[in-house]
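Naming follows writing order (A, B, C and D), and every chain is counted from residue 1.
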Amino acid sequence: MAMTGVIRPGHAQLRVLNLEEGIHHYRDVLGMQETGRDDQGRVYLKCWEEHDHSSLVLREADSAGLDFFAFKVLDKATLDRLDGRLREYGLPTERIPAGEMLETGERVRFTLPSGHQIELYAEKTRVGNGLGHVNPNPWNAAAEKGIAPLRLDHCLLYGPNVAKVQEIFEKVLGFQLVERSLTPEGDANMGIWLTCSNKVHDIAFVEYPEPGKLHHLSFLLSSWDKVLRAADIMSMNSVPVDIGPTRHGITQGATIYAWDPSGNRFETFMGGYTVYPDHEVLTWTFEGLGEGGGLDFAQRKLHESFLTVVT
Amino acid sequence: MAMTGVIRPGHAQLRVLNLEEGIHHYRDVLGMQETGRDDQGRVYLKCWEEHDHSSLVLREADSAGLDFFAFKVLDKATLDRLDGRLREYGLPTERIPAGEMLETGERVRFTLPSGHQIELYAEKTRVGNGLGHVNPNPWNAAAEKGIAPLRLDHCLLYGPNVAKVQEIFEKVLGFQLVERSLTPEGDANMGIWLTCSNKVHDIAFVEYPEPGKLHHLSFLLSSWDKVLRAADIMSMNSVPVDIGPTRHGITQGATIYAWDPSGNRFETFMGGYTVYPDHEVLTWTFEGLGEGGGLDFAQRKLHESFLTVVT
Amino acid sequence: MAMTGVIRPGHAQLRVLNLEEGIHHYRDVLGMQETGRDDQGRVYLKCWEEHDHSSLVLREADSAGLDFFAFKVLDKATLDRLDGRLREYGLPTERIPAGEMLETGERVRFTLPSGHQIELYAEKTRVGNGLGHVNPNPWNAAAEKGIAPLRLDHCLLYGPNVAKVQEIFEKVLGFQLVERSLTPEGDANMGIWLTCSNKVHDIAFVEYPEPGKLHHLSFLLSSWDKVLRAADIMSMNSVPVDIGPTRHGITQGATIYAWDPSGNRFETFMGGYTVYPDHEVLTWTFEGLGEGGGLDFAQRKLHESFLTVVT
Amino acid sequence: MAMTGVIRPGHAQLRVLNLEEGIHHYRDVLGMQETGRDDQGRVYLKCWEEHDHSSLVLREADSAGLDFFAFKVLDKATLDRLDGRLREYGLPTERIPAGEMLETGERVRFTLPSGHQIELYAEKTRVGNGLGHVNPNPWNAAAEKGIAPLRLDHCLLYGPNVAKVQEIFEKVLGFQLVERSLTPEGDANMGIWLTCSNKVHDIAFVEYPEPGKLHHLSFLLSSWDKVLRAADIMSMNSVPVDIGPTRHGITQGATIYAWDPSGNRFETFMGGYTVYPDHEVLTWTFEGLGEGGGLDFAQRKLHESFLTVVT
């Protein structure tokens, strides 16, 4: 198997201030499919093309933000191996028993020096994408319900100790640094974009004094036409847009940043290049992030909200 | 490192009947960049977004077809390890010394039971994609020279013993079966589509009595608009088109098949879904390949040339 | 008023062999909206962006084909004026009273030397496109129901006496010749593409021995992405495709030709250039129609069905 | 002839602060073709798909802005007729002799109550779009030089007395009101969008205290993909972007507003719907212009620059 270890972003648990508003947003406007509710009152959703039971879990709470972000690993042996490596590195881990989340196996949870809770798991019930496995059509009606992203693609998290976080992802979890942005002084990484696959990013971090903050959850679209369609649907549903449509210089993705009803930022985007292990890291100076088009390649400016608005 | 072993298609050596016509086609019409000529008279080209020295080598010969298709592996240790595994499996390998191909390290060559020569290598000079590594633009003028594909994406090869070939790619080289099409009797795989990455395919085979045949080399485009542009450029340059523009049901890619001046088929395509190790294989019945839209989802027919025209 | 006289294609009455199958095709697959049924059993439909009551009328009959194709004219005075000009020219006209078609005013009907019945009318009830007139959204859910074309755009009709037909459209009805294709001998127009607007065509004719034949009714899409989506939807609904997706050299439109369940050809297309009164006619030689890419710019061939399959 | 009178925007004469910078911008970045220079030092350019000699004339001056905007009319008789109607209405006209502009016939010039100079002319040398008239290709290399718009599409002008201007365009010149935005009080039109064709606008005005101001010249692209490409090219060339990429609610066009080196705003856009004489005017309230998405449908805000930055 050429791909081993951590294979992809699996699920995010998100705090929303009002559950019904959150469900309306992610199910009816973004167009995810509701796949279950548990006895804690949590609501599970998946994107139409995802095969696993759920990629987003909504939990009603008094403050918005991210409870945890999880990666699926190749198999149970990998889960145990990575658990061991995390402990060896000095990061305590916790085992969440199978079934604590609907249709999800045992999870290994740990807390990053940035204050974020990350989970690994090997098993989640396959519910399929509705297309079948024999002579399948390329899409179905679900592909056009709401904005209808293909998948939960990645997240961008804000917190302290980004250098430590980078080390953990690279050395312990086998991720690869794809791009980075520098501090104003140029002496350290302010932002890091990491992949565990051929995708241009599976997770990203930006240095920030408060721990455990969410900048955005990101959902993948298939074309720039779909990005315009997403903008239209956001507008028709009074979803407040932060930035875009535009292209990020960083990752080359074409994007919209917007906010859910609880103030959690989400992204719908397409594009980005294919990354291989021999990729040479791309660097964005602090000026490059703003005037250099790293954040907004069309407008070449550092929108203030990028550095200040998180949940 | 989440991605190990074989990392991607690296280079193909193609026989053309007339070198100047071949160069004109691949450099001026397809829009690849010529990166060198060696003392054997071979001409080296790369796609604009590729970082390595070359992905296509043209050799003038009396008959068209493919000399060999090569994969880049992670590093020298991987090369040695895979060489060992091939020999253990019973496939003799040959070491081609570094420098036999321009800017390319030592290669391990072996012959598949389908009659195709496959190579592995770990080193090729990085020449870059012209965008630099600090505050890079997303593209440059090279991205619009000719059809301008992003990369050599995969190939489809025709020959006998596809079942054996599948075993070698899965068990020895760590590839993953993504889709397959069945024989008319439904008792064996007639076609197999394999990946060593997140891409929907890195190589594919179709059962065929004659060994060592090339169905097509495939080049990646970034959008369906670029597929129309490719069709226009082919037409303006009198490139004979075989099939398309259309969508393949198999892999979901949106595609054109056409022929170079020597009769070697090439493909320009976009799209396809993301594959992970937990992907469940998709199966196309023989009817599914034709009337089921596997080959041509728009027209739902089995174009005769698909099964009969190879080089 | 800069635009006078005939303003646009208004409605087509189409014969289908089975009404329910016809309704299913045009309403559920193509995605038109059913707006009425009359006491003759005819079914009325409109495209989502059209404001008038109906653009397509289905009539069940023993043979497929076109009953008549109608143009809306500026106003009642224009209707009377054009009626007079047709009679002066020597073409008998018939007045169909208001209300014979649902929500449609008086119609002037005449028969072309090609055997086709053409109608003019000035009044049809405005039902709107569902977006309203104050702070309107750019589209709504109806824009994604089925293939969802914007409008009935034009038709291509086959019959004898194309030269006479051209004279009538140019001299009597004020149309403009935009493109033409020549006979094999090059001594006459085999095909003519005419506009009454800035559109690249509002009606077209090809010389054919049998009178009154329909080659296709054409429906407008907004993008090449929508053409691929149309191909996918046709395939998923087992709609037989004749040609495409491809681009016509003639008019530059990007297109699919396909057949409804009765064998009437229809087209879904996008693109084409803007035409003004000072446009210089473009000419396609007979070879240009085929090998020159006039019909199929990607494949540069004269599909036999183009010249032989009509209803 | 169904289209009579004024047929389309013809040319704009623009003041730039530095001629070489202006030429670089419009020729090398926007990608227009330079077609001549006259003995006054003016530089003439056309878009690649335009057939007439020139659509943009650059004049070096101490202040940026628009000297005049011109429409082509059907023929010499129409020119005389419209000249007469303007005088009857009470607007003095001036005849500029043929040849005062390169390759351009006699022009009728008048000043609107908004302070803008408008011209009409019937003759300009046809230089063609480079594709020929027999078996033409749909595009050529010129279609990809710079941003490469298809044509000068329309302009938006700011000045006083918009109600009077509307009357002149509707009653004297035969234009049609397509959309309008209301003043904050809702008692008058603040903005008007007018067409002389099937296009969604050929000229537009916004009420403004200073006379003769230019908001933007607008250039047409063929797809939303081309809008992203335009954004990329602007960014790569350090062209300052005002708004976009986004969609206007008004006209539905997908757009970027940006500034040339002299501070003249220009637009590159695609889309908009087809307008006919029976179109019912769409109205945008003042809130609709901003929060209703009239200006920026994605972001639903009234960018301050829209109301304040003109040349």
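By definition in this document, a contact is a pair of C-beta atoms (placed from the backbone, for glycine too) under 8 Å apart; a residue touches a chain by one contact, two chains touch by 3 or more.
Given the structure is predicted, the values throughout are model-derived calculations rather than measurements.
J.: If you apply the touch rule, which chains end up adjacent to both chain A and chain D?
T.: Touching chain A as well as chain D, we find B, C.
J.: Comparing the two chain pairs, does C-D have more C-beta contacts than B-D, or is it the other way round?
T.: C-D
J.: Report the inter-chain centroid distance for chain B and chain C in whole angstrom, where each centroid is the mean of the CA atoms.
T.: 43
J.: From the C-alpha centre of chain C to that of chain D, how far is it in Å?
T.: Distance between chain centres, rounded to whole Å: 31 Å.
J.: Once you find the CA centre of chain B and the CA centre of chain D, what distance in Å lies between them?
T.: Those two chain centres are 48 Å apart.
J.: For chain D, which residues are shared contacts with two or more other chains?
T.: 137-138, 223-225, 232, 235, 247, 293, 297
J.: If you connect every pair of chains that touch, what shape comes out? Choose line, ring, star, complete or other.
T.: The chain contacts form a complete graph, every chain touching every other.
J.: Applying the document's contact rule, which stretches of chain D touch chain B when the two form their complex?
T.: By the definition above, chain D touches chain B via 137-140, 144, 223, 225, 232, 235-236.
J.: Quick one: in the complex, what on chain A touches chain B?
T.: For chain A paired with chain B, touching residues are 1-8, 49, 51, 72, 74, 126, 133-138, 150-151, 174-176, 196-199, 222-224, 247, 249, 252, 271, 273-274, 276-278, 280-285, 287-288, 292-294, 297.
J.: In their shared complex, at which residues does chain C touch chain B?
T.: Against chain B, the touching part of chain C is residues 224-225, 228, 231-232, 234-235, 238, 241, 244-247, 254, 256, 293, 297-300.
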